[in-house]
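For clarity, chains are labelled A, B, C and D in written order, and residue numbers in each chain start from 1.
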């Protein structure tokens, strides 16, 4: 396991926030959001983060990089429900030559509902590990602490 | 709309049956299977049908054909629930030079729970319409009536 | 089949538009949005439409109504791709005492990518058909033609 | 984080195996299975495990227990692709009074493609933590080592 990061539970520790709304299709027969629906929320937030820092994912791919998911961990603190407005806070928390980790805090009305970490490997289109682009290395730890 | 086929509600009108089990992840907060979860059931049944008639989809693609979904229609007759064992009955119902239609009946313990039709276009890897392979033309209407 | 409505292909025939962005998770190995991912787009647009006309779905349910999906039909005109910004235009097209139909047009940069119709039954919490609430009957055909 | 378990990479360390096949709907535009699709695979394997040891999940719920997902972690070792036959090996690895952890190894043709751990809390229908049923406590570590 490469996972080392412990996601902070304070909103102001995060550099970026993406807001989304829970779809009915994301719920399950327990009346709450199914635990598998959170990973696409994290992905959607990553995509918006890359756009916000000037590197939309389609451009990243056009430049010959892909960010494979190597690991993911999720901690479910309080259920999400249909129509909830969820703030996905994220922070590029750590990097090596060819990998980086993103920490997430999900909140509803400011109350934590989940934390997560994803570990990504920077790869070429044919799947070989490659060095992170410089702009990504400099994003690590960016933002208010 | 190309859709013309009315799926029979009698099980014995179908040439092929694929059995699957409803996942908890397929349910929604109404306690039943979400209406979007049915399309992957139909797709899974098509894939097994192609394998059963000796043309696994990976081989079809390797031979330079792809079957794009052009239209789909679903009629929800009775809810599906978690852990239900679902029989997806299917029949290649109609074809033109470059398209074909598949009719479906979903049953649980022999009772109809849904019908559906999908319309597919035969295309080349670069997305241009092409003639159906001969084995597919001869599959039309195949099976007991 | 109850489906009777033919969705117009002109944007200005629709009363309401909801804009969303395609997630990477919605794509498939053909490089385009999987055909099953469209139904949640329609649902998300319906939910926003109900909110826009002053009847959020959670309130509708609290008032003792549920809108079961009875039928759905989709026509895929041009592929959607990752990161596309999709406008889902919708119109309450028709109603009976206990059912209503919604027509949809999906566009990207003004170009049609799909049309759809969903048929809904108005039911009580225990699943019995019931009359449409009056505000919904009066929404039929609402909007510019 | 409650996660402590390191899933073994040897198939014979696991008590139970569930075989499934990758759906086309599970793939994404990188041509491989999307990372969010693995969690439903784990869930499907858990459901089959409970059935195999004589405690189908519907009966567990009827007896007044629910198994909420508290944490999940996944490690993606090698991509899964459309039509792959996946063996999901699992083991109830650890328990406390009110929680238990399951370790997973996913293999294709005997080669590891992913490991995972899920942490579950035993709860009552109204969501309060409760003691594990005795049969579950005795399942911990069950199976060949």
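Observations on the model:
In the analysis below, a residue touches a chain if its C-beta (ideal position, glycine included) is under 8 Å from a C-beta of that chain, and two chains touch if they have at least 3 such contacts.
Since the model is a prediction, treat every value here as computed from it, not as a measurement.
Between the chain pairs B-C and C-D, more C-beta pairs are in contact across B-C. When each chain is reduced to the average of its Cα atoms, C sits farthest from chain D. Chain D has its Cα centroid 30 Å from the Cα centroid of chain B. Per-chain Cα centroids separate chain B from chain C by 23 Å.
The geometric centre of chain C is 36 Å away from that of chain D, both derived from CA atoms.
With touch defined as above, residues shared between interfaces to two or more other chains in chain A number as follows: 24-25, 36, 39-40, 43, 82.
Chain B makes touch with chain D in their complex at residues 23-25, 39-40, 43-44, 47, 56-58, 82-83.
Chain D meets chain C in the complex at residues 24-25, 27-29, 31-32, 34, 36, 81-82. Remark: chain B residues 1, 3, 6, 30, 35-37, 39-40, 43, 66, 68-76 touch chain C in the complex.
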